[in-house]
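Think of it as A, B, C and D in the order they're written, each chain with its own count starting at 1.
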Amino acid sequence: MSGTETEHLVYGLTKARIEALTDGIFAFAMTLLVTTLEIPEPQAILDPAGVARIIMVNFPDFLHYVLAFAVLAAFWVSHHMQFHALRVVDRRLIWMNIALLLFVALVPFSTDLAGDYPDIPLSSMVFEMNIFLIGGMMFLQWLHATDGRRLISPEVTDARIAIARRRGLVIPGVSLAGILLASLGVGASTLVYLLVPPLVLLADGPKTQETGGT
Amino acid sequence: MSGTETEHLVYGLTKARIEALTDGIFAFAMTLLVTTLEIPEPQAILDPAGVARIIMVNFPDFLHYVLAFAVLAAFWVSHHMQFHALRVVDRRLIWMNIALLLFVALVPFSTDLAGDYPDIPLSSMVFEMNIFLIGGMMFLQWLHATDGRRLISPEVTDARIAIARRRGLVIPGVSLAGILLASLGVGASTLVYLLVPPLVLLADGPKTQETGGT
Amino acid sequence: MSGTETEHLVYGLTKARIEALTDGIFAFAMTLLVTTLEIPEPQAILDPAGVARIIMVNFPDFLHYVLAFAVLAAFWVSHHMQFHALRVVDRRLIWMNIALLLFVALVPFSTDLAGDYPDIPLSSMVFEMNIFLIGGMMFLQWLHATDGRRLISPEVTDARIAIARRRGLVIPGVSLAGILLASLGVGASTLVYLLVPPLVLLADGPKTQETGGT
Amino acid sequence: MSGTETEHLVYGLTKARIEALTDGIFAFAMTLLVTTLEIPEPQAILDPAGVARIIMVNFPDFLHYVLAFAVLAAFWVSHHMQFHALRVVDRRLIWMNIALLLFVALVPFSTDLAGDYPDIPLSSMVFEMNIFLIGGMMFLQWLHATDGRRLISPEVTDARIAIARRRGLVIPGVSLAGILLASLGVGASTLVYLLVPPLVLLADGPKTQETGGT
């Protein structure tokens, strides 16, 4: 009994179950992104030029598909890093995680909007806001878990907690920059996400590559 | 062999497998909710005002998305609490659980209907009926499992069983109230679900917060 | 090494992985069934009578949704019974299982067709053919596994193998009856599936209820 | 701690979690293939001839559904063979795997295109390119893992690594042949995938059937 008590504070809800729901929603949201690529009714176009046009029309959608897939994958990687560091989960963390998943499941919609109207800043802004909400909720969740080491395993060092906090600010910060650019009327503001990989390396500091510092 | 006998009564179907199917259907139904948000054909609208209109049109859909996501998440949490308390599963419980999942998988449809016609009581009523059927089936399942402690682990106290029964009546009761309001012609009756969190706290009684009384 | 050798004959593919893919495809196909219920464009109908009409139009779709969900659930239960009895899996079984999943994933299409055109025998026939192919493949898979007890665990009795063979003929047989009726021009031939529960009880023989004879 | 160190190099991301995401995305992509089969609006056609026409129109879509399902299943089998041979996963492998999943999730789109326009070489070419990218990424992933036995378990023989490399070239090679044929204007070039099973047997060499040489 003490074995299960160290795993969770809410009766019946272990880390493993929350991770199973999380894996399912991430995998499904990432696969549903493909529905942002559209093929008009088969009858409409029957010549090679028509097929070429379908591919051309879907090109901005495809770029946003790649972007959204990569961002969701990065969040999925972070999520498992976070949960691996937890000793227990409490009720608040479960509901923060559900709010996080609510924004994850919205991504196919905001990606579709951004891909269909790439030149209109408002549609990019919706996408960036969505990503901001995911990243922000993930950051708050990490703050809640690490505040006074509330839910953290003893073997996790304070240095690792600090690195993960810095890293958790990268995507929300970049998203805010994108929202700002879009609100100034700049098109294609979703390009700001190209800054994420170098900024993550910066946040990690000098010597933590490959092994994640373990 | 006795190890597996304590896990299931139906040959080959352990709690773990049923939980895997349940997690899958919950995760997909929650993610499919995003398809209730609609983007008209890309060609139709190309100016910023058009994108703003898409967002406005989807606003009641979005509210119903949040509501349905939260309700399904609450049922998912309850489901794991229920199953954690089980010692064995029998054939009847498996088929009650399948009926439950049948109603869970319907939620993207009833949410779409309620979000597309927020002002028409009949569409809210369909949504509330759907949630009532999920909650009612979950309650019946719990009655079946706990009647004479038929399927319950020895360490689960009678007090916990009673709390879970009271709590299991909250969502069906609130849904009935919504159906009644809708049948009187009241619009936006889905707002009744805002009563769920305080009523759950009430049902839990004074001292069971955070740790679930374990 | 001998521990893993008793689990699988194909390098790296254990029963657990095949069950994970199977659970995923079943859960997803069962949830996708909801897309067979259709809501016309929101703009089209805005009065209560319009919403009532949407519900009426979807009624045969709903009946087919319930039927397909129940049939898939029954196959899912059988699948776990089959796999629980296996000692090892070989290459042929893996590919038979993949063919089975191919037909499982088709069910949302054939259900949609049968629900949209309930009065036209050809559409019922496509649904019945789909179910026949799932049931038939499942039966062949069981024959392959049990022939000379090729892949079967030692604790599984010959009596259980025989019961499972009889039971495995129920759904293919009922489907053939449905196909025959449809080919004679009888409408609503999918009603034949109401015969499945009593026939399964018959196939099980006198004393195997609830515990499955374990 | 050393136990988990032998499982992963990236903090918190074990083989098991990556396999869970991979199983999820494969299962959903394979099930989403069914959406490439299309039923026109129910009102449009109400006579038996109309239903027969729906089935006829979907015939090339169905053939591509079977092809894509089988190819994805073959990749899924290979993926588990690869991962079973790994001792650890590093950051590069995780991101190669995510790129792989990005192309896997695209398959419902490219299959839909190829099935809707079977006579236009460009649409077949998009499908073949998609499959080429999956197979190519899988091959690169295997090169990365096996180069200097970087991530490989000690019990995996060099002979097995070599067989898996040869086998990993079959689908990319066949896809290139298909792309070439399509670029020469040949229709139905996706038929080249019928060559995959015999070529895989060839790549396996004389004595490795059934048991995979274990």
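Simple rule for what comes next: a contact is a pair of C-beta atoms (placed from the backbone, for glycine too) under 8 Å apart; a residue touches a chain by one contact, two chains touch by 3 or more.
The structure displayed is predicted, hence computed values, not measured ones.
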| item | value |
| --- | --- |
| Shared chain contacts [chain A and chain B, defined touch] | none |
| Reaching chain C from chain A through chains that touch each other, fewest steps | 2 |
| Greatest separation from chain D - chain, by CA centre | B |
| Same-site or different-site touching of chain C by its copy chain D, using the half cut | different |
| Centre-of-Cα separation between chain D and chain B, whole angstrom | 36 |
| Chain B and chain C: spacing of chain centres that average the CA atoms, whole Å | 25 |
| Multi-partner residues of chain A (at least 2 other chains) | 20, 24, 28, 32, 35 |
| Inter-chain touch pairs (all) | A-B, A-D, B-C, C-D |
| In the complex, chain B residues that touch chain C | 1, 5, 9-13, 17, 20-21, 24-25, 28-29, 32, 35, 38, 57, 90-91, 94-95, 98, 101-102, 105-106, 108-109, 112-113, 116-117, 120-123, 126 |
| Partner chain C, residues of chain D touching it in the complex | 19-20, 23-24, 26-28, 30-31, 33-35, 37, 39, 42, 46-48, 50-52, 54-55, 65-66, 69-70, 73, 76-77, 80-85, 155, 160, 209-214 |
